[in-house]
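Next up, some structures in structure tokens.
You will see chain A twice below: alongside chain B first, and alongside chain C after that.
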Partner chain A sequence: MLFNSVPFIFGFLPLVLAGFYTLGHWRRDWAILWLILASLCFYAWWRPLNVLLITPSILINYVLARIIQHRVDERPGIARTALIAGIVFNLCFLGYFKYINFFGVVAGDVFGVNMVFANVILPLGISFITFQKIAFLVDVHSGRVTSFTLKDYALFVLFFPQLVAGPIVHYREMMPQFHAAPCRFHADDMAIGIVLFFFGLFKKAVLADSIAAYVSPLYADAAHGAQITLFHAWIAAIGFMLQIYYDFAGYSEMALGLARFFGVKLPVNFFSPLKAASVIEFWQRWHMTLTRFLTAYLYNPMTLALTRRRMARGAPASSATSSPSAFITLIAFPTIVTFAICGMWHGAGYTYIVWGFIHGVLLTINQGWRALRRAYLPRRMVIGSPLRFVGRALTFLSVVAAVVIFRAPTVGVALVIWKGMIAINGATMPQGYFDHGGVLVWILQTAHVRPDPSSGMLFIAAWLWIAGLLAVAWTMPNVLQILRNYDPALGISALAPPGEKQNNWLSWRPTTAWSVSMAVIAAAGILSLGQLSEFLYWQF
Partner chain B sequence: MAGTARFCVKWLIAVVILFALIAVFNIAVDPYDVMGAPRIAGFNQFKVEAPYHTVLAKLYQIRRVQPTTVLFGSSVVNVGLDPKSPLWPAAMRPVYNFGVPAMGVQGNYQALKYAAAESAVRNAIVVIQFETFLASYREAMGQGNDVPDDPASVPRLDDFLLPMFTLSALKDSVSTIVHQRDANPIDLAPDGAIGESVFRDAVARDGEGTVFARSEDLERTELGQFTALHPPLSEAFPKISYLRGIVEFCDAHSIALTLVLPPAHEDELRLIDQAGLWNVYEHWLRSLATIVSGHHGAPTPLWDFGGYSHYTTEPLPVQNGGRTETVWFWDIFHFKRKLGDLIMSRLLTGQPNDFGFLLTPENAEIELARERTEIDCSHSTSAPSTSEACQRFSSHR
Partner chain C sequence: MTENDILSDLTIILRDLLGDDSIMLAMDTQREHVPNWDSFNYINFMVAVEQKFRVKFKVSDIETFPNVGAIVRQIAALRPGA
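And then the complex of A and B:
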């Protein structure tokens, strides 16, 4: 069941909320059990078999977590073995369902053998669920989680607002909230939830799906062998960047809003990433809980292990930017490996790995630039807004170029679009513009722009959509900033402190004007549900 | 927080009021002609957006029209054949145009069954095109674009909810009102015809050269996809059984069926030949001739207006030439209404007798040989040719 569907908004959600509030009025435990049951139904909606896969996995993880918890002080060896067994089990679970066919394809490409396991179907949200389960085991082992019950753990894994596509949460930030939640109707939570959920729905159903209509045919054309020319290639690249931007922003806000209906705050997951002035900052704003997970459970342990290894070999315990070899070993290598894995986590295919690798390289360049800047440029030259503007432009161009391969079905298709973006396929514009004559034709012909048979109206509409969506992404405050005085998400106070003066006129307040504005936004979102479209991140 | 409960209540009331207002507005405008709301001049007389929801609109229009004669086919029919033409004899009226863009023979078959279930249809004219029979052809089915298999399933709840409660319907309602005063408003008339405004608009916007070039690109793509598939000749037309189904259905329901191969610009034949598919085209024509004569009743008339004629050989518009008006065609597939009138005149009165002929198994080989010679001549139009066929070919121009 999609968040952006009529059955969910008018059937499932009101029913679950009504049950939750009613049962919570009598007994909190019943409300929590109701929520677990509802989450299982939500998960089973696509394929009931999914529940049969996830339930044993939850039980096994729970048993392993119990072993770790009981043995971590007296028998640390057993606890460590249980932790490794749990991580291996979860990775194998993910590997089998998500990557087995891809490994078959790789084996076919390398060894020429035919190994395709056609019947393996990917359970929904498996990548997110796996990361959460691994994080939980590590947290139990490190003592960050000390007490838990099966019911709590099941709710932590299955809580439907973040079950399928995140945010990736920690047990320790969720469970205290569930324990403290009144499990009853609370007007404050309902009001904040409405604002978050319907802003998100609007972004997904009205904005993301609208630009998708211009983008998808270009990738389809490239896949069918068409040469994509300059302006069309940039529509494909920027258009998809904006599509996934509003799609994921919309999903993240809807997830926050849904959790808030139950009195729970999820962590910030998306914070205007196109305003980032560097690729490092981009990843601090885009899919923030994934960045947090990768940093804590992959990048940092890898860097720590590499540092220890260097020191064991006699290298000085200096900073990672003190020498080229330290930079390569302690920054470039772990960054590129982490992001190649990040790419593969997004999807089982060469294109995702290349996308992750590109981001790893971009981040490494960014780290290198920071080190050089600190070493050689005076401080006043690196803080100013002109440099920030250049940084923002370069970051935007980099992530837009990289996202092409994220969307393209094959590396070959991405190459076609990239060639188009640097005008190797030439520059063309709709024939209609040439038929009208005048100065425009002279300019186009002087610039060696040729006519093509595409629709002039669609071409201009695509660029108008791009301009409008970029203007919103670059200049408007995000929903969390609009709601900053009402603590809409975990971690928001650090990003947008309450009472911040900036864009005060757009701060949400429970006024009649905001009621009507939100009704218009909600109506626009709901009225756009005629054509169902999945969230891009649900496929991961 | 003070006032959040009031915020929630006001929000809910505002949402309900908004939905009610939008529904009433959409019902009044009825942008897809589903509800049958009265057409009021200056408000919603021209259904500007309905041509983009043709099947949905036509499922309900035909129930209201209760036609005796129905025209089936793709957009070629929708644009080129006029159900209001004075040529139609009284006994054949009312006439309804069930042409749907990109609809192929399978869709035509379903549309015929639906029309017969909804109305006492006595005459059916089905216009069939070579490309829509190819194994690679994808009919515009799905996404609400298909005629339901079971006519009893109409009316469907969704068909009324979506035109009332979607943002695109609201947008289309506004667009309907805004475009009422256009010089050439696009319209899906109550008799199912779209008319020529769609093409007039495209020509005005993009130029005639572009419109022709786009159709050439489409043809190349269609033929290219078939060539890439390279099925054996026996599997080239997997949906031809639906044509047999149409013939048998009409026979069983006493519906007088006429099949029509529409005129297409000679450029289409040239592209078929260039794609190396001339033998496939000939095989298709032979198969059609066999089907129309192959059942136990009287043979089904199969009129062939394709091939070379005075009309189909008019010069292509120049790409950068602005507004060179062609006389007979909008693009290489879509003939103009004036040529459509000639087709109907030929079907209904027999005139003009130099345009179109009845294709039968007996004359199929002769006609194929003639077309083959003419396509050969078309390759050598720069050099004067002395053969009789080539002289005739030249005389078309």
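And then the complex of A and C:
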């Protein structure tokens, strides 16, 4: 069941909320049980068999967590073995469902063997759920989680607002909220939840799905062997960047809004990433809870081990940018490995691995640049200078170029689009622009732009959408900033302090003007619900 | 060695690491407050601190130090003879 569907908005959600608030009046326990049951139904709606997969997985993880908890002080060896067993179990679970078919493809490509596995269907949200379960086991082992019950753990894994596509949450940030939640109707939470949910729905149903209509045919054409020319290739690249931007922003806001209906705040997951002035900053704003997970459980342990080993062998205790070998060992290697895994986490295919590798290289270049900048540029040139504008432009171009292979069905299709972006396939514009003569035709012909049979209206509409969506992403405050006085998400105070200067008219308040505006936004979102349109991140 | 001494040594280590002599760490300083002190530099800082004070942090501690003061207190607790 999609968040952006009529059965969810007008059936499932009102029913679950009514049951939750009503049961909460009598006993909190019942309300929580109702929420767990509702979350299981939500998960089962897509494919009932999945409940038979996720339930044993929850029980196995729970038992392992209990073993870790009880043995960590007296028998640390057993606790460590249980932790490793849990991590291996979860990775194998993910590996079987997500990667078995891909491993068959790789075996075929490398060894020439024809390995066909059963048609394994990927359970919804398995990548997100797996990461949360691993994080929980690690947190129990390290003592960051000291008490838990089966009911709490089941709610932590299954809570439907973030079950399928995050944010990836920690037990320790969720459970205190569930324990403190009154489980009753609360007007403030409902109002904030509605603003978040319908802004998100608008972004998904009106903005992301609209630009998708211009983008998808270009990738389909490229997959069918068409040469994509300059302007069309840039529509494919920037257009998809904007599609996934508004799709994921929309999903993240809807998830925050849904959780808020239950009195729970989820962590910030998306914070105007196209305003980033570096690729490092981009990852501090895009899918922030994934970055947090990768940093804490993959990058940091890897870098820590490498740094300690290097220093134990007599290397000086200086910056990782102090020498080329330190840079390669302590920055380039762990960064590229982490992001190649990040790419593979998104999907089982060469394209995702290459995308992750590209981001790893971009981040490494970014770190190298920072080191050079610190060494050679005076400080006053670094802060508050036009460099930030240049940084933003370069970051935008880099992530736009990289996202092509994230969207392309094969590496070959991505190459076609990339070639188009640097005009190797030439430049064309719709025939209609050449029909009327005049200065425009002279300019186009002078610039060696050839006519093509595509629609002039669609071409101009695509660029208008791109211009409009970019203007919003670059110049407008995001919804969390608009709501900042109402603490809309965990971690928002560090990103947008309540006292931060901002246009007052854009700060949400419970006023008539905002009510009317929200009604229009909600109506536009609901009226745009047409065909099933999955969130892009639901496939991961 | 007092907490102030540790804090002053941490400031020197971070200044060297980031090449920024204007950094002034306080007990309530958080990583977000210091320009360029990102996750990449954080690990290097922590290992340099380990070397300087001859202590070893747990990975989980490194990730959850809420501010510089927590690092200072952990160093004080871990140092031989503390």
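The definition used in the following text is that the second predicted complex is superposed on the first by the 538 of 540 C-alpha atoms of A that agree within 3 Å, B and C clash if a C-alpha of one lies under 4 Å from a C-alpha of the other, contacts with A are read in each partner's own complex, and residues count from 1 in each chain.
Please note the rule applied: contacts are C-beta pairs under 8 Å (C-beta built on N, C-alpha and C of every residue); 3 or more make two chains touch, one makes a residue touch a chain.
Note that this is a predicted model, so its numbers are computed, not measured.
Undergrad: Return first, second, both or neither, reflecting whether A:110 touches chain B, chain C, both chains, or no partner chain.
TA: neither
Undergrad: Applying the touch criterion given at the start, work out whether A:447 contacts chain B, chain C, both or neither, answering first, second, both or neither.
TA: neither
Undergrad: Of chain B and chain C, which one touches more of chain A's residues?
TA: B
Undergrad: Once the shared chain is lined up, is A:435 touching chain B (first), chain C (second), both, or neither of them?
TA: Only chain B; A:435 stays clear of chain C.
Undergrad: With both complexes superposed on chain A, which partner does A:180 reach: first (chain B), second (chain C), both or neither?
TA: After superposing on A, A:180 lies clear of both chain B and chain C.
Undergrad: Regarding the shared-chain residue A:511, is it in contact with chain B (first), chain C (second), both, or neither?
TA: A:511: touches chain B, not chain C.
Undergrad: When the two structures are overlaid on chain A, which partner does A:304 contact: first (chain B), second (chain C), both, or neither?
TA: In the superposition, A:304 contacts chain C only.
Undergrad: Applying the document's definition of touch, where does A:296 land relative to chain B and chain C: first, second, both, or neither?
TA: The second partner, chain C, only.
Undergrad: Taking the two structures together, which residues of chain A meet both chain B and chain C?
TA: Common interface on chain A, chain B vs chain C: nothing in common.
Undergrad: Would you mind writing out the residues of chain B in touch with chain A in their complex?
TA: Chain B residues touching chain A: 1-8, 10-11, 14-15, 18-19, 22, 143, 162, 165-170, 205-207, 209-210, 213-214, 217, 221, 319-320, 322-323.
Undergrad: Would you mind writing out the residues of chain A in touch with chain B in their complex?
TA: Contacts found on chain A: 187-188, 190-191, 194, 206, 224, 430-432, 434-437, 451, 453, 455-457, 486, 509-512, 514-516, 518-520, 522-524, 526-531.
Undergrad: Please output the residues of chain A touching chain C within their complex, sorted ascending.
TA: Per the touch definition, chain A meets chain C at residues 138-139, 142-144, 280, 284, 295-296, 299-301, 303-304, 307-308, 311, 317-320, 330-331, 335, 367, 370, 374-375, 379, 383, 494.
Undergrad: Considering only the defined contacts, which chain C positions touch chain A in the complex?
TA: Of all residues in chain C, those touching chain A are 16-20, 22, 30, 32, 35-36, 38-41, 43-44, 46-48, 50-52, 58-60, 62-64.
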